[in-house]
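First comes the structure, then the notes that go with it.
Letters A, B, C, D and E name the chains as they come in the text, with residue numbers starting at 1 for each one.
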Amino acid sequence: MLIARVIGEVVATRKHSSHEGLKLLLVQPLNLDGTDRGDAVVAVDAVQAGLGEKVLLTLEGFSAFSSVGRLMTPIETAVIGIIDHVELLEGTEA
Amino acid sequence: MLIARVIGEVVATRKHSSHEGLKLLLVQPLNLDGTDRGDAVVAVDAVQAGLGEKVLLTLEGFSAFSSVGRLMTPIETAVIGIIDHVELLEGTEA
Amino acid sequence: MLIARVIGEVVATRKHSSHEGLKLLLVQPLNLDGTDRGDAVVAVDAVQAGLGEKVLLTLEGFSAFSSVGRLMTPIETAVIGIIDHVELLEGTEA
Amino acid sequence: MLIARVIGEVVATRKHSSHEGLKLLLVQPLNLDGTDRGDAVVAVDAVQAGLGEKVLLTLEGFSAFSSVGRLMTPIETAVIGIIDHVELLEGTEA
Amino acid sequence: MLIARVIGEVVATRKHSSHEGLKLLLVQPLNLDGTDRGDAVVAVDAVQAGLGEKVLLTLEGFSAFSSVGRLMTPIETAVIGIIDHVELLEGTEA
């Protein structure tokens, strides 16, 4: 799982029926220092995350479709938590 | 899931029987700024996507074969939505 | 799924019993322009592909072991089709 | 599976219900020479690993959610062992 | 699946119960020319591979835990064959 930030929303009217009613977020994975970790990906929203929030991102299908209670559906990426803070070993916060 | 563009079609006459009747698309994953994200991949078409359309691409087997209703078949990549537009946090459109 | 070329064969006499009778191919994933895409991988042959043929390669376990009808076996990569040709958007052939 | 070091903890109060009671660790994958292998990831703790410990990290959903006995939940990464030492072929220790 | 070499062993006394009795190998994935392909990974031994042997490595959970007959356990990487030799298209051996 990765730390990421919600940076947008993806609108798709023609889509697989299993996606009906789900919100597609555009999320940017982050490195620990807050810089971008690769490019943004599209993820299903499982925790009603808001734009700009720092979130926990899962990148695997089983994890992702189970997070929205839809088994065996074409969902491979999901936002599954809102991160309050990260405590580092050295006692600092990221 | 990634944003991608349909750039071609792959024709394979000798293939695994579970692929009969499925259309194989050549899709180019895209970065947010529209540039290429790595090289193109081959994906099954689950939403009758047209050449040149901007689509939602899943890259995991479970997601992919469930999208065409064929469980436990050798399908790992699929086009599962047509993207209308992407709304970014800053209020711009990608 | 990726486009690849069969470039060799891997011989392993001591192997997991579920692999008995299966042929292991050495396949080189290709970019659209025909250049190498990373290094070669080892894949199970599900369509009796010949040396030098351009093939469709799946890189995920579920897809791979289902292609040879052996569920829950240690097979994660398989050749599942022989590619006739690729039709690109611009009307050219790759 | 990779060798990694626990470098922090991630606190998320709003999260998917299947994550209740689980501790989220921040872990840094390591190369053999002890240098960082990419950036840190977030993992569920299955063995009560302590901060600073060298651990065995699994990066796949099936492996990860089974390690904490919660099937089909959005968990894709987990700490599943504490590493005592690594014996290299040359007789040295890493 | 990849070609790799066994370069060491990982000892972990505190570990997930499903790992009891399994040997953890340190394996270095190889390119065709014998050079290192990324850094070493930790894999379960399913074929009693010896130190220094050239082996067949699977990197996916389903493949890996089925190779040691333990379903739904936190095992994602396994050594599943000993490679005798690799026959390349050009008639050379790697």
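The rule is simple: a residue touches a chain if its C-beta (ideal position, glycine included) is under 8 Å from a C-beta of that chain, and two chains touch if they have at least 3 such contacts.
Just so we're clear, the structure is a prediction, and the values are computed from it rather than from any experiment.
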item: If a chain touches chain C and chain E alike, it appears here; value: none
item: Rotation angle (°) superposing Cα atoms of chain A on chain C, nearest 5; value: 145
item: CA centroid of chain D to CA centroid of chain E, Å; value: 20
item: CA centroid of chain B to CA centroid of chain D, Å; value: 32
item: For chain E, residues that touch 2 or more chains besides their own; value: 60-62, 64
item: Cyclic chain order - from chain C, heading first toward chain E; value: C, E, D, A, B
item: Chain A-touching residues of chain D, taken from the complex the two chains share; value: 6-16, 18-19, 24, 26, 39-43, 51-52, 60-62, 64-65, 72-77
item: Residue ranges of chain E in contact with chain C within the complex; value: 1-3, 31-32, 37, 46-47, 56, 58-64, 66-67, 71, 78, 80-89, 94
